[in-house]
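Report on the following structure.
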Amino acid sequence: MPKGGVNAPVPVAPEATPAVDPRLLVRQEGVKGYLGEFRRRVTSGELGSLPVVLALIIIWAVFGSLNSSFLSAQNLSNLSQQIVGTGMIAIGVVFVLLLGEIDLSVGSVSGLCAAIFAVLNVTHGVNQWVALLSALVGGALVGLIQGLFFAKVGVPAFVVTLAGNLGWNGLMLQVLGASGTVNLSGKDIVSRLYSTIYGEQAAAYGAAAVGVLLFLGASVLDARRRQAAGVPSRPVLDIALRTVALAIIAFLAAYTLNQYKGLPLALLIFLIFIVVLDFVLRRTSYGRQVFALGGNIEGARRAGINVSWIRISVFTICSTMAAVGGLFLAAQIQSASQTSGGGNLLMNAIAAGVIGGTSLFGGRGSTWSALLGALVIGSIQSGMNIQGLSNAIQFMITGAVLLAAVVVDSLARRTQQAAGRA
Amino acid sequence: NESSGGGGSSGSASGGAVGAVRIGLLLPETKTTRYEQFDRPLIEQKIKELAPQAQIDYYNANENATTQQTQVDTALTKGDKVLILDAVDAKSIQSSVQKAHDAGVKVIAYDRLAQGPVDAYVSFDNKKVGELQGQALVAAVGDKAGAGSIIMINGSPTDPNAAEFKAGAHSAIDGKLKIGKEYDTPNWDPNNANQEASAAITAIGGPNVVGVYSANDGMAAGIATALKAAGLSVPLTGQDAQLDGVQRILAGTQTMSIYKPFKPETDVAAQMAVTLAQGKTLDPSLVPTTVTNGSGNQVPANLITPIVLTKDNIKTTVVADGLYTVAQICTPDYADACKAAGLQ
Amino acid sequence: MTGETVLALRGVSKRFGAVQALTDIELEVRAGEVVALVGDNGAGKSTLVKAIAGVHQPDEGTIEWQGRSVTIHRPQDAQHLGIATVYQDLALCDNLDVVGNLFLGREIRRFTILDEVAMEKRSRTLLNTLSIRIPSVRIPVASLSGGQRQVVAIARALIGSPKVVMLDEPTAALGVEQTAQVLDLVERLRDQGLGVILISHNMADVMAVADTVAVLRLGRNNGVFDKERTNQEEIISAITGATDNAVTRRQARGTEGSP
Amino acid sequence: MPKGGVNAPVPVAPEATPAVDPRLLVRQEGVKGYLGEFRRRVTSGELGSLPVVLALIIIWAVFGSLNSSFLSAQNLSNLSQQIVGTGMIAIGVVFVLLLGEIDLSVGSVSGLCAAIFAVLNVTHGVNQWVALLSALVGGALVGLIQGLFFAKVGVPAFVVTLAGNLGWNGLMLQVLGASGTVNLSGKDIVSRLYSTIYGEQAAAYGAAAVGVLLFLGASVLDARRRQAAGVPSRPVLDIALRTVALAIIAFLAAYTLNQYKGLPLALLIFLIFIVVLDFVLRRTSYGRQVFALGGNIEGARRAGINVSWIRISVFTICSTMAAVGGLFLAAQIQSASQTSGGGNLLMNAIAAGVIGGTSLFGGRGSTWSALLGALVIGSIQSGMNIQGLSNAIQFMITGAVLLAAVVVDSLARRTQQAAGRA
Amino acid sequence: MTGETVLALRGVSKRFGAVQALTDIELEVRAGEVVALVGDNGAGKSTLVKAIAGVHQPDEGTIEWQGRSVTIHRPQDAQHLGIATVYQDLALCDNLDVVGNLFLGREIRRFTILDEVAMEKRSRTLLNTLSIRIPSVRIPVASLSGGQRQVVAIARALIGSPKVVMLDEPTAALGVEQTAQVLDLVERLRDQGLGVILISHNMADVMAVADTVAVLRLGRNNGVFDKERTNQEEIISAITGATDNAVTRRQARGTEGSP
C-alpha cells in the first residue's frame, strides 16, 4: 500500500547525489562580493524596479530644477495624497494583469461606488458605515458578475469589462440622478480619509520606524529559519544594506511630510494595502496560484488549481480595489460627480501598473508597481501643473516623459534578454 | 484669516508697483477653443497691463474635476494669492474653494458659479445661454412649428454645464415646439451628434423635421452634414461662435450661435484679480449685482449678457471685437457667402 | 505480486473535430503493477492519459476506479481519487521557480502562510533522489534545460500520496543516469503497491520495468502482452502493424552491412 | 556536396508510407454529407464567424421590431456609411492584435491626420492630393516611430502607444492652432469620400456581381489547381453553396442601398480595403509571418523571420489605417475639430476587432472581423439613437447588448474547447 | 569519407545570470561527418546548439565557418550560412497549420503570392519520407501529438539547402519506426556530404550513426571519441564523470537480480 503524503511519499534512493552545481557563480562574502554581484546584475539587466526608481529620480530632478516649488514639502505632501486614488485602483489592476488579463471597467466602477456612498450617506442619510460597506460590497458584486462572465461563460475579459465600463457608468448616472454632483458632508468617514493628516512629528517617524523594524525582523527571522534548515539564506550584509536603504527612504519621506503637515492618513492606508496585498501575493497559496495562472493556465489547471475560482476572485478583488480608489477620489474632491471615474482615470490606473513593472502578459509583477507607477504618473502631472504650459504642449511632453520613464526599464530588460533571461 | 496673501505686497501697492503678485488662472478644458484662444491671452494681457510685475500661473483641467482640484493644490503650493477659477464642476469644486479660502487666497468664480466661499463672480449665465438658443430656434422655425417636430441634441451627460444649457433651452422651447427626439451626446462628440441626427431624421421622417437644437458649434458641424445628407435645410442652433460656426452661419447651414464677448468678461476678471491681489475691496461698478451660489454664499457679481450671433450681426460683433478677421472667415470657399452678407 | 484492479477503462472513445483519436479502448491497471502503454506516434497514448487525468472528457465509455464507475471532469477530480500524472508536454509554469512548480496546488503551509523553507528543503531531497543537477531551486523553470524540466515534472507527481501514477514518456529528455534513476523509481513505486502506467517509445526500458504491455494502434487496442511471455519483436510488430518495418529493415541492413 | 534547394533537398527514402489516416472522418459526398459536416461543426463549435453574424441578426431583429425605421433603407444606408471611419481604424487594429499587441494611439492619430489634411488644404490652400498624401504619410510616420520604439528599444507597445495617445493628441491641438475646428470645403476629395453615393441602380448591383464572380472564379481556379496537383480540394457543392450564400447577401445589400440613394463610395472603399488586406494576410509571405509572430515569437525568430521589421511594419500599417479612418470621420462631419479622435473612438475601434472575432492574444483573426465588429457596434448605437433613451439607460443597454453579442460567440468556443480544440 | 572542416568552435563560453553554462568549448564538424554531442542533463548541449544557431550570442570565443571566423547575431545569419537547426523545444507556431510551419520563412511563391498547392504537395512527400501519419496537413500543429510535432520540426530543417544540420534530441518523442527513419535520414544526409550535429541521450542511436562523439560535462569539453575506437561504457563514464554510476549499478542489479 502506498505510504506517504506530503511528508514521505518518495522512496528516496540510497545513492542520491548532491545537487550543488559547480557552475553556479557563488557570491563572495563581504562588501567586495556584494559589489561584484551588483555589477553583474547591472550588466545583465537584473535590476528589478531599480530602473523605474531611477526614472522617477530623473523626473524629480528635472521638474525640481525647472521650478523649485516642485520639490517643496507642500507639493510632495500633496503628491503623496493625490496618487492614492489612482494607486488603489492600480493595485487591483495589478492583480488582473498578473493573470494576463485586463479590466477596462475600473474607472466606471470607482465612480459608481463613490456615487453609491454619496447618495446613500448624503441624499438618503444612511449611516456612514453602512453606506461605506454598501459601496464596497457594490464594487465586489460588480467584480463577481464580471468574473462569472469571464470565467464561467468564457467571454474575453476585454469585452466583459468594456461592456461593464459602459454599463456601470450608466448605472452611476442613474444612481446620481438628475441633480448630478453630490457633495460629501465633510464630516463623514470618507471625507476624513483625505482630510486627516497626523500632525505630530511622532506619527510619521513612528510609521517609518515600524516599517523598517518589521522588515528587519522578518528578514532576520527568515534567515535564521533558513540557516537552521540548511537551505541557502540571505547573508547578514545583504540584510543590513537593505534595511539601511529602506530606513533612509522611509525617514526621508517622514521628514519631508513633517515639514508640511505631517503624515496623511490616505498615504498610510495606501501603504498598508500595498504591503498586505503584496504579502497575499507572495506568501500565500492563493497568491502563488494567481501567478501560476498568469504563467501557464493549462499548467495551473492540470496542477489541480480551481481556475474559475481564482479568476472570479481576482476580478472581485480588482473591482473592490476600484471601489476603494473611487472613495479616495471622491474624498479628494469631497463629492461624487458625473465625471467621477471618467477621463484618464482608467488609462492612468492601468499605466501605473505597467510602468511600475507589472507585465501585461501575466505572471510577473507586484503591488509595489502600483506605488511606483502612480508616483511616476502623479509626478509628471504635478510637474506639468506647476509649469503651466498650454495643453497641447503639455500633452506632448507628458507623452514623451511617460515614454522616457519606461525606456530606461526597457533598455535594462534588453540587456537581460541578450543575457538569455528573456 | 485676515492676513490675506496680498498683505505682504500691499505696502508697495500704493506706489503702483504690485510687487510679485501671483495670480492663478484655472480653466476647465481644451475641447472648445475659447479658453486657450481667448480667455487665457486676454486675461493675461489685461493683468499685465494693470500690474506689470504680476506673475500668472496657468492651469487647464482638461475636463477633469479631480485634476482641477489637484491644480488648486498646486496653485496654493506655488503661493498664488488670487485664483481665477472656471470650475469643471461648479458643485464639487466647493471643497477646493474652501481650502483656498482657509489659506487666505481669494477666489474669483469665472464663467461658472462655483460653490463655496467665493469672493467674486463674473460670467455669462449658462441658463441664459440655453434660453437664448431656444428662443432663436423658436423664432427661426416660426409658423412651421405645427408642421413637424424638432431634434434636440444636448451636450455631454457627464458635463454639469450641459445640464444648465439644456434646462435653459427647454424653458424657451417647451410648449412652443414639439420635440421629436432628444439626445445627450457623450463628450460633445461631433461624430456622435452626426449619428444621432441621422437616426432621428430616419425615425421622425425627413419632411417632419422643422429644426435642430444643437448645444454647441462643434456638434452643429456634425449635424449640418447629417441634414445635408438627408437633403434638409432647417434651422440649426449653436454656441461659442467658433470660426467654423460663423462660416456655417454665413453659408446658411447653421442659423445662429451664441457669441459671448470674451473681452468684457476677461477684463472684469483681470480687474477683480488685481484689485483683490492688492488687498483692496471691489469697486461696486465692477460688481453691480449679487448672486447666491449653490452652497448659499452671497457673491458679488458681474453678469454679462451673451449675444445671439446671426448672419446679420457678424460684422458688428465677432469682426468688430477683433475675434476673427474678415480674411480668417472669408476663405475662398466662403467668399460668395461673405459677399452676400456684406462682409467683403 | 500485483493486487486488485485499481483503474479500468471500458470502451472509451474520444474525438477531436474530424479526428477519431480513440475508439473503444479497454485497459486495466492493478495495484503493484507497471502497465506500459506503447504505440506509434499519434496512436492516442497521450489522449488516453489525458482522458484519465480529467484534462479531456471521453465522448463515450466509462472509467472505473477501484471497481466503482467514476466521472472525472477536471484534473482535480483525478487528483482527489489519487491519480498523479506526468504529462508529455510537462505543463510547468515557466514564471514560477522550481519549488513553486513542485508544490503548485499542494503548498506546505505554516499558519496559512507558505512555508518556503520546508518546501525548499524537500525540493532538494526530491531532486537529489532523481540525481539531477539544477543550478538553484530558486530559478524560474523557463531557464532550465529540457531534461531538468522533465525531472521537475516527474518530481511533481510524487508529492501527495497517489495510488496510480501515469508517466507519459518520462525519460524522453533524460540523460542515461537520470533515466536509470527514473526506472529505479518506477520499480520502487511498484514495490510500494502503486499502479503505474508508463508510456515510452524505448523498448528496452519497457521490457526492463513493465509487467504488462498494452499496445495502441491508430486509436484502438492492438493487444495486451504479458512481459514474461512476449518479446520485443512481437511488440514492435504490434505497434507498427507489420513484421516488415523500418526497424527490422534497419536492423537487417545493420547486420549485413556491418564491416 | 549538398544538393537540393526548395525543390529537392530531402533524400526521399524508398520505403515511404502513405500518410492517409484512417481515423480522419472523411465527409460523405453530396448534400447529406454536407449537412452531416455542418451538424458536426455546430456541435463541436467550429463555426468561425457564424455566431457573430447570428448576434448581429438578433440585434437587427430586436431593434427592427422596436422601431420600424431601424430596418428602413435610409437607416441601413446611413449605417453603412457611419461604420466606415471606425471600421477602417479597426482594420489597422486587427493587424496589431494579430501580433498579440495593442495600439492605444489610433484615436489620436486619426484626429491628427484629419487635422493635417484640413489645415493644409483649407487653411494653407495646399493642393488636395498633396494634403491627402501628407496626412497619410504623417500617419505612417507616426506608426514608424512607435514601431521603432516597440521593436528596437523594447518598450511595451501598450506604453509606447499610450504615450503616443497623449503626444499625438497634443500635436493635433497644435496643428489645429488657436482657432480650433477647421471646416472642409465640401468640394475636396476627402469631403467627397463621404458625400459621394452612386445613384444608378447598376452601380450597387454591379459591385455585388463583381464580388460574387471574383469569389466564384477564385474558388473554382483553386479547386482545379488542387485537383491537378492531387491534393484535397473543396467539393463542387461546397463552392456552389458558398457562392449562393454570398450572392444572396451581396444582392440583398445592393437592393437595400438602391432603395435609398445607391451605393456609398465610403462603403465601397471600406470593402475594397478589407478584401485587399485580407488577401495580404492570408496569401502572402508577409501575412504568414504576421500570424507566425502572433503564434510564437521565439519560433518565428528562429525560423529566420525579421521580427523587428514585421513589428515595425505592422504598427506602420495600423497608424496608416488610423489616418485613413480619421479622414473618413472628418468627412462625416465635414470638419476637423479638437474633439476628433477622442471620445469612445479608440475603444470602439479595438472592440470592433475583438467582437468580430480577432483574438487579443495574437495569431488568430481576420480583417473581416473589423467589418463585423463595426457593424455590431454601429447597429447598437444606431438602434439606441432611434430609440432615443436617456443616456444612463442607453449606456447600460449598450453594455448589455455588447456583452450579449459576444456571449453567443463565447458559448460556441466553449463547446470547441470541450471538444479539445482550444 | 569525411571532408574538410565546415564548422568549428574555438573557446566558446556562455553565461546566464549567475550560471556559467558553457566554458571554453571546442568543437569541429567536417563535411560528411556525424558528430554526436552527448552529456548529462543540463550539460550545456542545447545552449551550444543555440549559440551556433544565433539564438544566443556567446560571451567569448569565436565560431569559424569554412575556415573563416564569422559572427552569428541572429538565427537568420546562421540560416544564410547554411546551418539548419531542430531545436529541443521545437519552437513551432501553434496557430499555424503543418504546411505553414514547414515553410515558415521560406514560403514557395507564385507571382509573389503563396503557392499553397505546391507547398501542400511537398509537405506530404516530406512527411511520408519520415513515415509519420498526420490526420491532415491543414490542422494547426497545436493539435498534433508530441511525436508528430517533432517530425514536423525535423522536416522543417530539411527545407532549404543546408550544409550543416543540427538535431537537438530529434528522436526523443518518436516511435520506434519513426526513430529508425530519422536515423536513416541522418545517414543519407551524411552520405550527401552534409555535416550533422546530433544530440541524443540514446547511446544505441549514437553508436549507430555517429562518426565522432563529443562529450560535454558541466559546461566543459570532456573528451572527443572516435566511434571506431571507443565503446558505450567509456562514453557513459565520460558523461557521468564516474565509472560507478546509476546506470552501471542498475545493470549490475539487473544481472545479479534476474530470476
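By letter and in written order, the chains are A, B, C, D and E; residue numbering begins at 1 in each of them.
Keep this in mind: a residue touches a chain if its C-beta (ideal position, glycine included) is under 8 Å from a C-beta of that chain, and two chains touch if they have at least 3 such contacts.
Worth saying up front: this structure is predicted, and the values here are computed from it rather than measured.
Kindly list the shared contact partners of chain C and chain D, in label order.
Common contact partners of chain C and chain D, which must touch each of the two, are A, E.
Between A-C and A-B, name the chain pair that shares the greater number of C-beta pairs in contact.
A-C
Which chain has its C-alpha centroid at the greatest distance from the C-alpha centroid of chain E?
It is B whose centre lies farthest from that of chain E.
Going by average Cα coordinates, which chain is farthest removed from chain D?
C
Go ahead and note the Å separation of the Cα centroids belonging to chain B and chain E.
Once rounded, the distance between the two centres reads 74 Å.
Could you give the separation in Å between the centres of chain D and chain E, each centre being the mean of its C-alpha atoms?
Distance between chain centres, rounded to whole Å: 42 Å.
Counting only Cα atoms for the centres, state how far chain C is from chain E in Å.
Taking the average C-alpha coordinate of chain C and of chain E, the gap between them is 25 Å.
Give the residues of chain A touching no fewer than two other chains, as numbers and ranges.
Residues 15, 21, 23-24, 173, 391-392, 394, 420-421 of chain A each touch two or more of the other chains.
Find every residue in chain C that makes contact with two or more other chains and list them.
In chain C, the residues touching two or more other chains are 16-19, 131-136, 143, 181, 184, 218, 246, 249.
For chain B, write out the residues touching at least two other chains, lowest number first.
30, 36, 157 - these are the residues of chain B that touch more than one other chain.
Could you please specify the touching residues of chain E with respect to chain C in the complex?
So the residues of chain E touching chain C come out as 16-19, 39-43, 45-47, 88-89, 131-136, 139, 143-148, 150-151, 169, 172-181, 183-184, 201-204, 208, 218, 236, 239-240, 245-247, 249-250, 254.
Would you tell me which residues of chain D are touching chain E in their complex?
1-6, 9-13, 15-21, 23-24, 222, 225-226, 229-232, 283-285, 288-289, 291-292, 294-296, 298-306, 363-364, 420-421
Under the stated contact criterion, what part of chain B meets chain A in this complex?
30, 36, 40, 57-60, 62-67, 69-71, 73-74, 76-79, 88-89, 91-96, 115, 157-160, 163, 295
Looking at the complex, which residues from chain E come into contact with chain D?
31, 53, 55, 74-76, 79, 82, 85, 87, 90-96, 100, 104-109, 112-114, 117-118, 120-122, 124-129, 131-137, 143, 155-156, 158-163, 181, 184-185, 188-189, 191-194
Give the list of chain D residues in touch with chain A in this complex.
Where chain D meets chain A, its residues are 104, 149, 153-156, 158-160, 162-171, 173-174, 347, 350-351, 354-355, 360, 391-400, 402-403, 406-407, 410-411, 413-414, 417.
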